[in-house]
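Have a look at this one before I ask anything.
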Amino acid sequence: MIDKIRAGAAAALETVHSGASVVIGGFGRTGVPVDLIDALCARDVRELHVIANNGGQGLPGERGIGRLLAENRVKKFSCSFPVNPAFFRRYFDGEVEIELVPQGTLAERLRAGGSGLGGFYTPTAAGTILADGGFVMRHGTPEKTLPPKEQRVIDGRTYVLEFPLRPDFALVKADRADRYGNLRFRLGARNFNPLAAMAARTTVVQADHIGSLAPDDIHLPGPFVDHLVRTEPEAA
Amino acid sequence: MPLLRTELARRVAGDLEDGWCVNVGIGAPLLLPGQPTPGKEILYHCEHGLLGVGPPPEGEPDPDITDAGKNPVTLLAGAAAFDSSVSFAIARGGRLDLCVLGALQVGEHGDLANWLVPGGNPGVGGAMDLAVGARRVWVMMNHVDKQGNAKLRKACTFPLTGVGVVDRVYTDLAVFEFTGGALTLRERAPGVGLEEIAARTEATYTVDLWNRGAAA
Amino acid sequence: MIDKIRAGAAAALETVHSGASVVIGGFGRTGVPVDLIDALCARDVRELHVIANNGGQGLPGERGIGRLLAENRVKKFSCSFPVNPAFFRRYFDGEVEIELVPQGTLAERLRAGGSGLGGFYTPTAAGTILADGGFVMRHGTPEKTLPPKEQRVIDGRTYVLEFPLRPDFALVKADRADRYGNLRFRLGARNFNPLAAMAARTTVVQADHIGSLAPDDIHLPGPFVDHLVRTEPEAA
Amino acid sequence: MPLLRTELARRVAGDLEDGWCVNVGIGAPLLLPGQPTPGKEILYHCEHGLLGVGPPPEGEPDPDITDAGKNPVTLLAGAAAFDSSVSFAIARGGRLDLCVLGALQVGEHGDLANWLVPGGNPGVGGAMDLAVGARRVWVMMNHVDKQGNAKLRKACTFPLTGVGVVDRVYTDLAVFEFTGGALTLRERAPGVGLEEIAARTEATYTVDLWNRGAAA
């Protein structure tokens, strides 16, 4: 029998190790798997390569990706919009690395990883320091800058070669799931979540509801999901 | 008189065409879905994966319905939700009639710089994808920066978002259009003189004002 | 007001011209836009480059892609499984061209076209005559064979470079649509339909039902759709 | 006695593991979803975009529920529908535990030829994607072709589907396994002698039969 439902987030995340790459769904505060992140922060996991669109706000007591950054668990952050004052301080101090990726390229690199593709050509970023090189990924001595990316003219237009992302783990938030791991998301909370699930070698999902789903109501089929936990009810 | 932010949003909204699918970037463009567009149905697209976004909610906000700036908005008739890869397929695939972005600088051949002040905090979001993908790119910005420097420049000195991508620039002082890569002044804000615009613009441009009676 | 609903298939297809490239959804007989194909066959349109997974069965009175092939309207067929006896005869006689594309590559080339990408690397077909060249696309004198495709080793694995498909038109079958062009498909009838809609410059859809759709029930958002007609009721 | 087609399907089904996601190609593998697998839940995947497919329907078939061979099937608990690009993302992305394909020829280092007899009608379908993407590839075929030629060969003479992709071969006479690129005979059909297998096999192989008492 197929049953991907685990007893709790701690059990579902027990193989996540320091140094792992972890992609996390969400856009701003929408669709972020905060329970899974809390469970991850309960373990001694550090030096993560986190892949996520946003970096949280850097507020005291913040949940989500901002908590991972605040607790200094991230050595490299691949993202489009890292905006988090505390993390930026560590970036300018040369303690952490930022791989800045245009948002559509980030989405497509995750999808390519999940689809077994070797890379793709996108027109995005051509003629900018995110393609021609020069963006400072890590400050300090020596400074690390983004190397120029391979470019190619196809049908008269310049495209940039981008490679897939294939992280060790994905943390994903769904609205509804069944025991097969089939997922359905809710409105703007879908965003990067299905792509994160596709890309990772091991995908852990928190779902607000667990039940059955009609075949055409499923946004992401179960083979992309490994472990599933029910979202913790909000504390009163 | 320079236009206020909401007056500028109303001005831009006036030029939208019925049926357009329009992405609005963070900053001032996020005011657009709140502007009335009588007789015109506009589908506003949010880069993370929503289409058919409307004004901020009057009641309790839904945390799963936000715009690109993470502010609560509403969904209108015809709204659709999808993942971020489909959202950028719409953008890169040429299915956006228009994208309205804020800018730090615009070069006189249509280059756009809107994501990084050198030495400042980096954050690019979806701007580079939108700039290359949308059928039209309009910029909505203050004519000068907080230090009074011209933002319409001979060349951008800040890192670029896209090369030669801008079609129009709406500022608090004027409307400019790029035609064949050259910049043309098309409209002055009420009470703003040609001299004031010239004094606050570094880019070279010609003056060929729209006839207000004709279609803009 | 946005309203993509047209009075009938003839009106929706009036710009399709001889020599056009047309991608058609469906897998076997499932999800094929037969009404749109019938309406296309009512016009004097020839020399088409058709892109579709299957070629129909070649039976008398057959609807669907088989009808386009039977009426000799196709000069080039890009597909994974052309199996159609009548069409094969014309292929071996050197009258028509077959671009044989692995099914997953066909799906991905359509998606890439619809996503504004310039190309992608896939492991599929490496080491075969569909990548190394040699497949006979057109018999006769001179014979036309598939040229070798560009290949590249990425992380130790060989990938084949494939380019996007961006046809002039798509014919698509949906289960339900609203006036904005938002689409929902039914079970196995989804197959290539959303990808065809994404890829084409002009997309024409026949839908069994026209009504409203909740945002999370939409399988393909309206910006990929141009014209929409209601499916003809089956003749009694 | 060589196995009948359904006996071969039952034999293959016996080796499936609980929870596997299994793609079945056209031809004999399409019999698999109709085989009982007591105590095991198998998710059958159809390349055009269905998962959770079951046996043919007893009543009226649903034209939107078909297998890769376009035959009517049913949907079981946990079934999901998706487009063909997602379907092949599952395949290429390594999320299929197994793919079972028919074959024209299999080479002694695991090469597969299953889509074109030279001079015949071409049609590749999803075989090349499945062959490179699935975690395991099992072939299910008659041991010899209609002319009596060995299909397990030193090298394929027909155009390849994939290079070194096959993990096991189930025929009406025997089961073979590739380990480290070399072919091993693992099982004989009931009443089939080693000599008969040897006479009908061109490929070089070693004999190391599974112990029937142990796990296969």
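For reference, chains read A, B, C and D in written order, and residue numbers begin at 1 within each chain.
We adopt the following convention: contacts are C-beta pairs under 8 Å (C-beta built on N, C-alpha and C of every residue); 3 or more make two chains touch, one makes a residue touch a chain.
Keep in mind that this is a model prediction, so the values were computed, not measured.
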Least step count from chain A to chain D, where 1 means the two chains touch: 1
Pair joined by more contacting C-beta pairs (B-C or C-D): C-D
For chain B paired with chain D, centre-to-centre distance based on mean C-alpha positions, whole Å: 55
Centre-of-Cα separation between chain C and chain A, whole angstrom: 34
Where chain B and chain C are represented by their mean Cα positions, the distance between them in whole Å: 36
Intercentroid distance (Cα basis), chain D paired with chain C, Å: 28
Overlap residues in chain C, where contacts from two or more other chains coincide: 108, 111, 115-117, 122-123, 185-187, 190, 215-216, 219
Junction residues of chain D - those touching two or more other chains: 50, 75, 81-82, 85, 88, 91-92, 132-133
Inter-chain touch pairs (all): A-B, A-C, A-D, B-C, C-D
Touching residues (chain side chain B, partner chain A) in the complex: 46-50, 62-66, 70, 75, 81-85, 87-88, 91-92, 121-129, 132-133, 159-163
Sites on chain C touched by chain A in the complex: 108, 112, 115-123, 152, 154-155, 157, 159, 163, 184-187, 190, 215-217, 219
Chain D contact footprint on chain C (complex, rising order): 27-31, 53, 80-83, 88, 98, 100-108, 110-111, 122-130, 134-135, 185-195, 219
For the chain B and chain C complex, residues of the former touching the latter: 18-19, 21, 41, 43, 45, 50-52, 75, 77-82, 85-86, 88-96, 132-133
Chain D partner contacts - residues on chain A that touch it in the complex: 1-2, 111, 113-117, 178-180, 182, 198, 212-213, 215-216, 218, 221-224
